[in-house]
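Before I ask anything, here is the structure I am working with.
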Amino acid sequence: MIIVPMALIVVTLTWGLIRIAPGNFYSGEKKLPAAVEATIRKKYGLDEPWYKQYGMMISNVIRGDFGDSLKYQGQTVNEIIWRHLPYSATIGILAYLLALAIGLLAGTYAAMKQNSVLDFGPMSLAMLGLSVPNFVLAPILVIFFAFTLYLFPPARWGGPSSLVLPVITLAAIYAAYIARLTRAGMLEVLRSDYIRTARAKGLSDWTVLFRHAFRGGILPVISFTGPALAALLAGTVVVEKVYALPGLGDIFIKAVLNRDEPLILGIVAFLSILIMLFNLIVDISYGFLDPRIRYE
Amino acid sequence: MMERQGYSRVIVGISALLIAALAFGCASRPSGQFFGKTEPPANNTLRYVSGSEPETLDPQISDGQPEARIYMAIYEGLVECDPKDQQPIPAIAKSWEASPNLDEFVFHLRDNAKWSDGKPITARDFVYSMRRGFSPETISRTAQLGFFIKYAEAFKSGFVFVKKNGEFLLEKDFGGVEKDSQRIGPETEFSKFLHSPARVTIDGDEKKRNKALAADPKLAEAVKGAELVPVTAEDIGVEAIDDLTLRISLRQGAPFYIGLFANQFFRLVPAQSIEKNGKNWTRPQNIVTNGPFRVKEYRPYDVLSLEKDPNYWDAANVHLDGIEFYPIEELSTIMNLYKAGSIDAMLNHAVPSSWIGEMRGYKDEYLNFPEMSTAYYAMNVTKPPFDDIRIRRAFSLGLDREALSSFRKVTKPLYYMSPTGVFHDYDKAMAKVSEEKRAEKGVSPEEWAKNIKFDPEQARKLLTDAGFPVAKNGDTYSCPTFPTDKVTLTFNTNENNRSIAEFVQSQWKQNMGITVPLKTMEFKTFLPFFKGLEYSGFSQLLWSGDYVDPYSFLSLEYGKANEGGSGFYDPKFDKMLDDANSELDMQKRYEMVARAEFYLMDQVPVIPLTVNATNWIKKPYVKGMYPNPGTLIPWKFVYFEKDPAKWDKDVANIFTTPDPKFDKQLEDLKSTQQAVAK
Amino acid sequence: MAENLETLSGSSPWRDAWKRLRRNKLAVVSLCFLIVMVVAVVIGPVIIYSATGFTYDSTPTDNALVRSLPPSLLHLMGTDDQGRDMFARVLQGGRISLMVGVISTLVSLIVGVSYGAIAGYFGGRIDNVMMRIVDVIYAIPYILIVIVLLSVFGGPSTPAWIQWLSTTIGGAGNQGLSQLFLLFFALGLVSWLTMARVVRGQILSLKNQEFVMAAKATGVGTFGIIFRHLIPNALGPVIVYATLTVPSVMLTEAFLSFLGLGVQAPYASWGSLADIGIKNLAIFPWQLIFPGLTMALTLFSLNFLGDGIRDALDPQTRKF
C-alpha cells in the first residue's frame, strides 16, 4: 500500500511547517515562569535535538498513537478525531448526496437542452450556490427558515431538523460545481464516436444517456468527488461555526491557530489517508466508468 | 430572446433573495418588549453560552475567562466573589482573620463542606491543592498570582536554599530588606520557620545560577562550597493548623490579597482523584468536584452539562437544578440562539458591535456597565522613533478618545493605566493627587485637563520639536519626514481591534498628517512579535484585572520582565508601588499608588484607549446574575423567576433594585464573616 | 475528427468559436458585464475621487459622520461604520478580489493543465508519482502554509521584490499589500491541484482515441500531441473548471482575511466586505447588498461566460 508512506510524507512536511511557524502551544497572554517553561520543554521533549524529536514523533505516528492534545489536556488525539468525525461525516455525506442529486440532474438536463431556456434555468439555480458565499447564505437561511417560518432551529446539534439548514448550506456550493462539471462532461461525451455508434444502433435516447453517455459524462464529477468528499468528512469550518456544530473542521482550524501539534498531525494524517483512499477509488472507478480508459 | 429571459430570471432570483432577506432582517427590529422568545425553561436548567471550548476542567491550569466561569460552578475555594461587587464573601471558609500588616491570614473552614464523592473537605485539601498548583510539574498559567505566598515562587521556579556550615544564607545579609512579619494564630514549628528571617533562594539550574551569580560577587563567594537544598512543597507558606483551620503566609503585606483567593487557581482540586487517575482525573467518570454543581455529561464542543450536587454544603440554597454550558464563539449564532429562546444568558462581549444600537432598546435585557478591563496601544520604547518621549506624547495627545468611545458605543475614554470608574475609592485618590499636581504646576483646571486629553495642536508642536515638522496644507496636515515605512500599528485579528485601529489611524492622519500602516496578525504569531518587542511603533494590549485593585493594572509596567509590552522599566516606579503596598491605611495606600500612576503616565509607555464595558444580554426571568466588573457569576445565586411580574425591569438599575430572595441569601452567607469582623 | 486536424493546419477555428460565442446572447451579456466591471474597478476609484473626494480609506473629519449612513446621492452605496464611502470600497475591493481570482486562475491554467496532461498522457508510474505529489500538497493544511509564508516573508524582512511590486501597485508605504502578494502566492500554490486531477482524467480518456493515433502516425512529437491535440480537446472541462476556481479562491481569501491572514485593513475585498455586511444585515443592509450583489453578478457572468466559451469551442454544438 502506497497510502501509508504518503501519509507519513504529509505528516513530515506538516510537522516541519508547525516548527517553522511562530509561536508555540504554551504561549499565552501572560508569560509563564521560566521554570514552568523548562518543565514543559522537558515534558514534551522540546529540548532534544530536532532529529530526535522528529524520530519520536514519527515512530508514534507509525504506531497510530498521536498522543494527547496539547491544548485540551487529558484528551487523546485519536479520541478527539473519532468523537467528532461522526458529526462531520453525517453532515458532509448528506450534503454531498443532496448536491449530487441536484447537480447531476441539473447538469444532465442542461446538457440535453443545451442553449435553451431549459439549459439556463437549472444552471442559473445551480450557480446561485456558487455566487453566494456560504457565510452569507447560512445567515440568510437562518433568518428565513428559523425566524420567519420557524421551521428549523437556528443552530446547535440535536435531531434531524437541526441538520436541514447546515446540509442545504453545504450542498448549495457543491451542487453548483457538480452541475457545471456534469453539463460540460455530458456535452463532451454526447458528441463522441461511441455515442454516435450507440445511437446509430437505434438505441433510444434514454438508453444511450444512461447506459453509455452518463458513465463517461460524469468523469469530471468523479475527479472532483475524491478530494471534495475527503474535505467534507474532515469538516467544514464556516458551516460548523455558524450552526455551532461539533465537527472536525473548526477543531482543526483551532488546532492550527493553537499550534496544537499532535492534534494537527493527527487530523492531517487522517485527512491525507482519506484523500488518497478516495482518489484511489476514483482512479479505479475511471476504468469501470469509461470504456475508453485502459490502464497499461 | 429566450436567453435574455434566462438572464433576467437570474437577476430577479438574486434580487428576490436579497430583498427577502432584507425584509425579514428588518422585520426583526424591536417590536415586542423582549428580544425573541422569552419563557423560563421548564426543567429549571440554565442554558449559558460560555464562549470557547474549555481547555480543561482542571482549575489550576487554564487562565481563560470562559473556563473561570465554568470552574465557579463546579469548584469552590476559601472565598467566593460577591455577585455584585466581586469582593470576597465566605465559601468553604466561613470566616477569616488577617494579621495587622496583612501578610498572614487564618481561615476557619466549615465543618459540613464535602466533595462530590461525599468525603469531607479539610484544611489539608487546601494544602494539597496549593502545593500541587505551585509545583513546577503543574503547567499552570495562573500560578504567578500566588507568588506573594512565601517561597511559592522559589518552589515553582525550582530554586534552592543555600546551606553553609549548617546555617542557611539569609536575604538580609545580601542586600534584602527584612520585612516585619507578624504571626496570627497559634505558634507551630512551621510558623517559626516562616517567621524566621527570609532565606536566600537561587536558581536550581546550574547554568542560569552561574549567570545570576556572576552579577553578584558577594553572593557568589558565599555560595561557593555550600550545600544546595531544593525548595520543596513543604516550604511554601501554607499550613493546616488543624482539620478546619488553614494559615497562609505572604512574603509581604498585600491588602488586596483576600479577594485573590476566589481566583480559579485557589479553588480546590481533589487529591483523591488526582493521585488515583493522574492526568485522566478530569474525565467525567473520574472527576470529583466540590462546587454547587457537578458534572453530569460532557460532550466537548457541544455541551457541558452540570447538575446540582446534593453533597454541596449549601445545597439548600442552590436554586437551579442544573446548568448547560454551550461552547459557541460565533457571535451572531449566540444572538440567534438567544432570540430563539434556546439560551438564557451569554458570556460578556457577546453582542456584536453592529447590534448594540438595537439591543440598547431592550431595556430589560441589555447589560452595559463598567468593566475591569482596558485597551491600550503599547509603544516600543526601545526602538526609534518611539524612544523619544515627545513622540510618544504627541501620538497620545493627537487622539480624540471621546470620539473613539462614542464610535465604539459601549466603552469609556481612558487616560490612565488603571480603569476609571471601577475602583471607586481609588478614583477619589486619583482626583486628589491630580489636584495636588495641578496646584504644584500652578495651571488652570482647564489647561490641566488639556494636558492629558485631546490636544492636536500640542501634538503637532511636539512632533515638530522632535524633528518631524508637521506642515499645514489647507484643512489637512502632513508630516512627510516621519518614517511611516518603519512603524506599524499591530493588533491580533479581531473585528473590534480592527475597527479601533482603523479609527485611530484616521485620527492621526487628520490631526498630525501621519498614516501609520496597520498590521493584523493571527494571535500566536502576534504574541512573540509583541512580547519579544520585535515590533516598532504600536501594538494593541488588552488587559483584564485579576483582582479588584488598581495594582492589577499598574503591575503591567512593574519590574524588568513586565507584561506591558512596551519594554518600559523604571526602578523608581517599582519602588513607589512597593512602598504603597506596604502601607496599611487603605486610602493612604491608594494615594501612593495614584502618585505612582501619575509618575508612570508622565513617561507615556502606552496610549490608553478605552475602559471596556460589559456587553451582554440575559433573559429577564434570570435573576441573581449580575454584570459585575469581571462578569464572574457565582452560580448558586442564580434562579428563574416564573412570575413575569417579578422579572427584571430596566436593568440599568439592576445593582440598586432590591431582590429580597437574593439579598437575603447574600446577607446570610456574609454573616459568618461579619460576626468575626465585629 | 477533422476538426482537430483543422486546429493543426492553422485555419481559423478561433474565429469560428468567436462567431459561435457571439450568437450566445447570455455569454455576450456576461462578457460585457465583466468588461464593464474590470473597467470600473480600474478607473472607478479615480473617478470617484475626482468627483467627490472619497477614497476607500478616507474617513470624514466631522466625527458625527463617522457612522453607517444609508445610500444617498453623495454616497451611492451608503457608508460603512467608519463613515467611508461604500462605492469606493466596493470598487477597491473588486481590484483585490479580481486580482486574486485572475492570478489563481492563471496559475491553475498554466501549472494545473500541463501537469495534469503530462501525468495523464504518460500514465503508469509517472502518472502515479505525479498524482501522489498532488495528493500530498492537497493534504497539507494551507492555513499552516499561509501562516509560515507570512511569518517568514511578511515581517520586516520581506524580500525587496515583493515590496517593489506592492509599492508599484498600491503606492508608497503599503505594507498591507505585500501581505496580499504572499496571499496570491499561497492561493496559487493550492489552486491548481484539482485542475490537474480534472485534466488528467480527461486526457486518460482521450489519449487512446483515433485522432491521437492518427497524429502519432503522422510523426507528431509527444509535446505536440499533448499540447496541440489532447489539451485543445479537453478544453471544455478545463474552462469550466477554471471559472469554478475563481469563486472558490475568492471565498478562500475571505476566510483567510477572517483569520487575519489575508487582506490588511483598511484594504478590503468583496469577500471581507460581504463578511462584515452579513453581520450588519439586519441594521445596515446596504453594507451586504452592494458588495454581495456586485460579487454575485460578477461570478454569475464569469460562469455563464465560461459555459459559453466551452460551447463555442465545441465545434459540434448541436441538440441531442
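Which chain is which? They are A, B and C, in the order written, and residues in each are numbered from 1.
Here, contacts are C-beta pairs under 8 Å (C-beta built on N, C-alpha and C of every residue); 3 or more make two chains touch, one makes a residue touch a chain.
Quick caveat: nothing in here was measured; it's all calculated off a predicted structure.
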{"item": "Chain pair, A-C or B-C, that carries the greater number of C-beta contacts", "value": "A-C"}
{"item": "Most widely separated chain from chain B, with each centre as the mean of CA atoms", "value": "C"}
{"item": "Averaged-CA centre spacing for the pair chain B and chain A, given as whole angstrom", "value": "39"}
{"item": "Whole-Å gap between the CA centroids of chain A and chain C", "value": "21"}
{"item": "Centre-of-Cα separation between chain C and chain B, whole angstrom", "value": "45"}
{"item": "Contacts with two or more other chains, residues of chain B listed in rising order", "value": "3, 6-7, 10, 14, 21, 25, 28, 332, 522, 525, 529"}
{"item": "Shared interface positions of chain A, touching two or more other chains", "value": "21-22, 115, 120, 124, 127, 131-132, 139-140, 143, 257"}
{"item": "Chain C: positions in contact with at least two other chains", "value": "24, 26, 147, 151, 259, 281-282, 288, 292, 296-297, 300, 304"}
{"item": "Parts of chain A lying in touch with chain B, wherever the complex brings them together", "value": "21-24, 26-36, 38-40, 43, 68, 71-75, 80, 83-84, 115-117, 119-121, 124-125, 127-128, 131-132, 139-140, 142-144, 146-148, 153-157, 241-244, 246, 250-251, 254, 257-259"}
{"item": "Of all residues in chain C, those that touch chain B in their complex", "value": "24-26, 29, 57-59, 61, 63, 66-67, 81-82, 147, 150-151, 155-156, 172-176, 258-261, 264-266, 276, 279-285, 288-289, 292-293, 296-297, 300, 304"}
{"item": "Chain A-touching residues of chain B, taken from the complex the two chains share", "value": "2-3, 5-7, 9-10, 13-14, 17, 20-21, 24-25, 27-28, 53, 55-56, 58, 61, 63, 136-137, 139-144, 153, 156-158, 205, 208, 279-283, 299-302, 326, 328-330, 332-333, 336-337, 339-340, 342, 522-525, 527-529, 531, 561, 563"}
{"item": "Chain B to chain C touching residues, read off their complex", "value": "3-4, 6-7, 10-11, 14-15, 18, 21-22, 25-26, 28-29, 331-332, 352-355, 357-358, 400, 403, 406-407, 475, 484-485, 488, 492-493, 495, 498-499, 501-503, 505-506, 510, 515, 517-522, 525, 529, 534, 536"}
{"item": "Complex contacts: residues of chain C adjacent to chain A", "value": "24, 26, 123-124, 128, 131-132, 135-136, 138-141, 143-145, 147-148, 151-152, 193-194, 197-198, 200-202, 204-206, 208-210, 236-237, 239-241, 244, 247, 250-251, 254-255, 259, 271, 274-275, 277-278, 281-282, 288, 292, 295-297, 299-300, 303-304, 306-307, 310-311, 314, 316-320"}
